[in-house]
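Below are two complexes that have chain A in common, paired first with chain B and then with chain C.
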Partner chain A sequence: MPPQTLRVLYSAFRMAMLHWFADPQWVIPNVIAPFVFTFVALTLFKEASGSFGLYAVLGGGMMGMWGNTLYASGFAIDFERWQGTLEEVVAAPSNLLHVISGRSVSNALFGLTNMVAILLIAALAFRIPLGIANPILFALSIVLTLLSVSALGLIFASSFVLTRSAQVLTNGLEFPIYVISGSMFPIALLPFWVHPAAYILGPTWGIDAIRLATSPQYASQSFWAGTDVNVAIALNLAMTLLITLAYVAIAAFLFKKVETKSRREGTLVQA
Partner chain B sequence: MNIPKLIRIFFSSAVFSFKAQFEWLNPPMWLAMKFVMSLSQMAFFVFVGRFLLTADSSPAGITDLVAFIAIGNAIMMLSWNTIFSVINITSNDKWGGTLSILLATPTPRLPLFVGRAMIHVLDGMLSVAISFVFAIFLFGVNFGNADVLALLVVVFLTAFTMAGFGLLIGGLAFYYREPLVFANIFTFILLIFCGVNFPVQDLPQPLQAVSYIFPLTYGIDAGRKAIAGEPLVTIVPLLVQMSIVGLVSILLGYSSFRSFEHLARKTGRMEAE
Partner chain C sequence: MLELNSQNKPESSSKAIVAEHLCKVFNVTKGFLRRTRTRIIAVKDVSFEVDYGELFGLVGPNGAGKTTTIKMLTTMLIPTSGNATVLGYNVQKDITRVREKIGIVLGGERGLYTRVSAIDNLRYFADLYGVPPTIRDKRVKELLQFMGLWERARDRVETYSKGMKQRLHLARGLINDPQLIFLDEPTIGLDPEIAKDTRSMIRDLVRKGKTILLTTHYMFEADELCKRIAVIRGGEIVALDTPSGLKKYVMDTSVVEIEGFGITDKEVAKFREIPEVLAVSADLSENKQVLKIQTPKGSEIISEVQEILKNSRIYDLKTKEPTLEDAYLRLVEGSIK
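Moving on, here comes the complex of A and B:
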């Protein structure tokens, strides 16, 4: 990766961090849903034994990452539009995709803090055991899922450049991903026609890897049931990586298209 | 008192507040989001419920968990309009720079204040109707015994009283810079407190008392009874309790609206920046 690209990624990442520290209350709208959903699921599951608590807590963490990333994609573009700086960002010689990528990773990273908070609440308030069977694979699964969620956010961000309804889309796209990726329940429960949509989502495989790395108790419910746990995690991570790379390629193509269209038609600000 | 003038203010402020949301949202998107939000929120919790049923487990006292969750979420959908949108009315005025102009007018505040919320009552009822359709056709909830009149009254009164609660919280929008934060918090915590997905009795004891400050708690309970076929007359006590809570919310909301208006004028915090 050229040093210039790395500099743009780092600057965008740093700017998103500075925005967050300057006005941290903005993170609330994006983390409140995962907190509440986890609380509701844990209350429903409190009498059930087995891996129910694991589903609720890890699912809540993944949802936190997704909520933050979607916010990064949606609100960041609307924010630039409101402040009148969107034209400058697009007019700069830096690739818009790199700018949004830096922000997206930064916000997904904040989602991780949300995951830690959810884990702590689950442990303290609901007495959910938080032992992690394989910490290294758990960390690797988290990082890859985070990247996958960020890359998915990039695809949505490309369309947000064209619309002034990014805020609404941000709210509207949050829940469907929670459902389709099976964040808090096995996707086998979803109607069969939803399964293809679940399989093309990186977080679907990522959360499977995270659950397997956390507890072998989950192995029988994994996509790779019957396979050795470490092999199953590796397969999940390979799928997550493959899908993430595909997302990045699609996002790069869409950003190019959208940028050209908005420049040609002069619709960037009043879109 | 000029009654026709008050009525005109009430209706014009209702229509303007509805139209104002299309400044940042186009009508097809508004309708699409109504369907997406209703379906995805309900589906999420229904599948969580179905997952629980795979372990032959269910919260005590619930015979049909899927119906319990689907109905709870369907009625809760009106909160997106009556809490989230109502809180955001003032926020949008603030960010649009029109709040100072609005408050500089000699318009009586009560019809202006209530009128702005009321269109969201109808919008909220539409959200509930769409959600009921999903509950019936996608999740197999039985509405065969429902007392339609009772259900209609319950949904209207719940939306009306929740809009009152939205106004109460909306008063904060005058003074605080980011009312959207309150809008999100107060919309989502209803999922915890109002018996949407599990009975209020499943909450820790100290939290149960909090549940009854939200009109939605009574509304969801009454809605489930109406769908089970209980006639309006047996639901009336719940509706009376809900109306009292809603009325108190509107009065407190109006009073906080005036106080925060006064405070914002005094401290110069009416604008977004």
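Moving on, here comes the complex of A and C:
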């Protein structure tokens, strides 16, 4: 990656971080909501056997990460509009996709703090056994899932260049993607016709890798049941990476298209 | 001392800006079941050239097409037809090159990250403009010192006054040491003293060799700053000349200026109906209202003025030589063809 692209990514990442810290009230709904969700799930099913606790904990974390990224990636464009900086940012010679990518990774990283908080609450308050079987693969799975979620957020962000009504799209898709990706329960429980949608979501494979790295007992419910756990994790990570790269390619194409369209129709500011 | 590039060397063109027959048409669609499409011509056949080191003014009333023209020249909008080159680069083909070389300052209080400091704002835009890391922080400091903001550089921008924000806008527009700067109504909404400071900074930039395209609807500002002025009305350039050249448009007239109270829009409309009246401008918003009437009849029209304003209070009534603002008024009202 060219050094200038890395600088733009870092600078956008840093600017998003500065805004998060400057305005902490943003964090509250994104931290509290998944925490409450996990709390309720664990309280309702604390007597349930099997890996429900694991699903609830990791599901709550994923919810925080996805919710943050989807909301904030889309909001990144609207945020610039509200500040009146969208034109200034677009007028700069840097690629808008790189600017929003930096912000998107920053937002997903903030979402990750939810997962850490939820893991701690689950372990300390609910005494859910969360011994991570393979910490290195767990960390790698988290990073790739984070990037995959960010890349998916980028695709949605492109729609915000055209119209601020895209908020409806992100609001409407937050929960379906959360459910389809198998964050809370195995996708095997979902109707068969939903499965293809699950397979084209990078986070679906990332979550499978996270669960396998956390608990080998989960192997029987994995996509790769019957395969060696480490091989299954590697396969999941490869799928996550592949789909993430496809998302980035789609986002790059969409950003170019929508930017040209907005420059032709003059919708950059008033959309 | 601010060390911006003072040598404005032409890249591949002898003109900093060449606009040829620029047009911009917007199609506005309304309704859901019954969709109606309206065609709005924002800019119509605009052509002009700007020399290197020139401060060129584009003036006109709100909605005349000034900002649309600037946006086409800065690659923010794609022209419907026509061509333009900026510093020798085509605005439709060499988008990145154009963006690297120019600075844009849009007026108003928005356009800055108010929750972070001035330093963070400038560093961010320096990175987006690819300012080398080795000179970035030095330039940020120099710009903030030049704008008189260094003492407050680490404070959040939301704590700045309007004037400080405007100076920060200017600093942001200079972060890439541009050869050409587009200033879109840089003094709009500023109080007179701050506007004066801003104009002084604009003059300093020209002295440093920068080329500037300035839009404004304040004629005195254009008169004070610009070497040449294009007057735009309804998306078309209706006059392009030096300030003294534009004043010649109204050499055959006098201006009757009335200061009064209680003057109504209806009375102003009556003046416009008089055949010898070429243009009327009225500022009726303040307690002390000012009405300016352009006419070749000069003081001969005073009795008619007194008759129309018989129900209003007149504090002062005088006949004056026309100014550039009067020429502008006649041009935008359409009485000069």
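We adopt the following convention: the second predicted complex is superposed on the first by the 264 of 271 C-alpha atoms of A that agree within 3 Å, B and C clash if a C-alpha of one lies under 4 Å from a C-alpha of the other, contacts with A are read in each partner's own complex, and residues count from 1 in each chain.
The criterion applied here is as follows: contacts are C-beta pairs under 8 Å (C-beta built on N, C-alpha and C of every residue); 3 or more make two chains touch, one makes a residue touch a chain.
Everything quoted here is computed from the prediction, not taken from an experiment.
Of the two partner chains placed by the overlay, neither chain B nor chain C lies in contact with A:Gln217.
Look at A:Glu87: by the touch rule set out above, it reaches chain C but stays clear of chain B. Shared-chain residue A:Thr113: touches no atom of chain B or chain C. In the superposition on chain A, contact of A:Glu47 is made with chain B only, not with chain C.
Of the two partner chains placed by superposition, A:Asn230 touches none, neither chain B nor chain C.
Contacts of A:Phe39 after superposition: chain B is touched, whereas chain C is not reached. Touching more residues of chain A than its counterpart among chain B and chain C is B.
Once chain A of one complex is fitted onto chain A of the other, the partner contacts of A:Val99 are limited to chain C, with no touch recorded for chain B.
When the two complexes are superposed on chain A, the residues of chain A that touch both chain B and chain C are 23.
Chain C contributes residues 24, 26-27, 68, 71, 74-78, 96, 99-100, 104, 106, 108, 110-116, 120, 123-125, 127-130, 133, 156, 172 to its touches with chain A in the complex. Looking at the complex, you find that chain A touches chain C at residues 4, 7-8, 10-12, 14-15, 18-19, 22-23, 83-85, 87-94, 99, 260, 263-266, 268.
Chain contact summary for the complex, chain A toward chain B: residues 23, 25-26, 28-29, 32-33, 35-37, 39-41, 43-50, 52, 55, 82, 164-165, 167-169, 171-172, 175-176, 178-179, 184-186, 189-190. The touching residues of chain B, when paired with chain A in their complex, are 24-26, 29-30, 32-33, 36-37, 40-41, 43-45, 47-52, 54-55, 57, 59, 95, 178, 180-181, 183-185, 188-189, 191-192, 196-198, 202-203.
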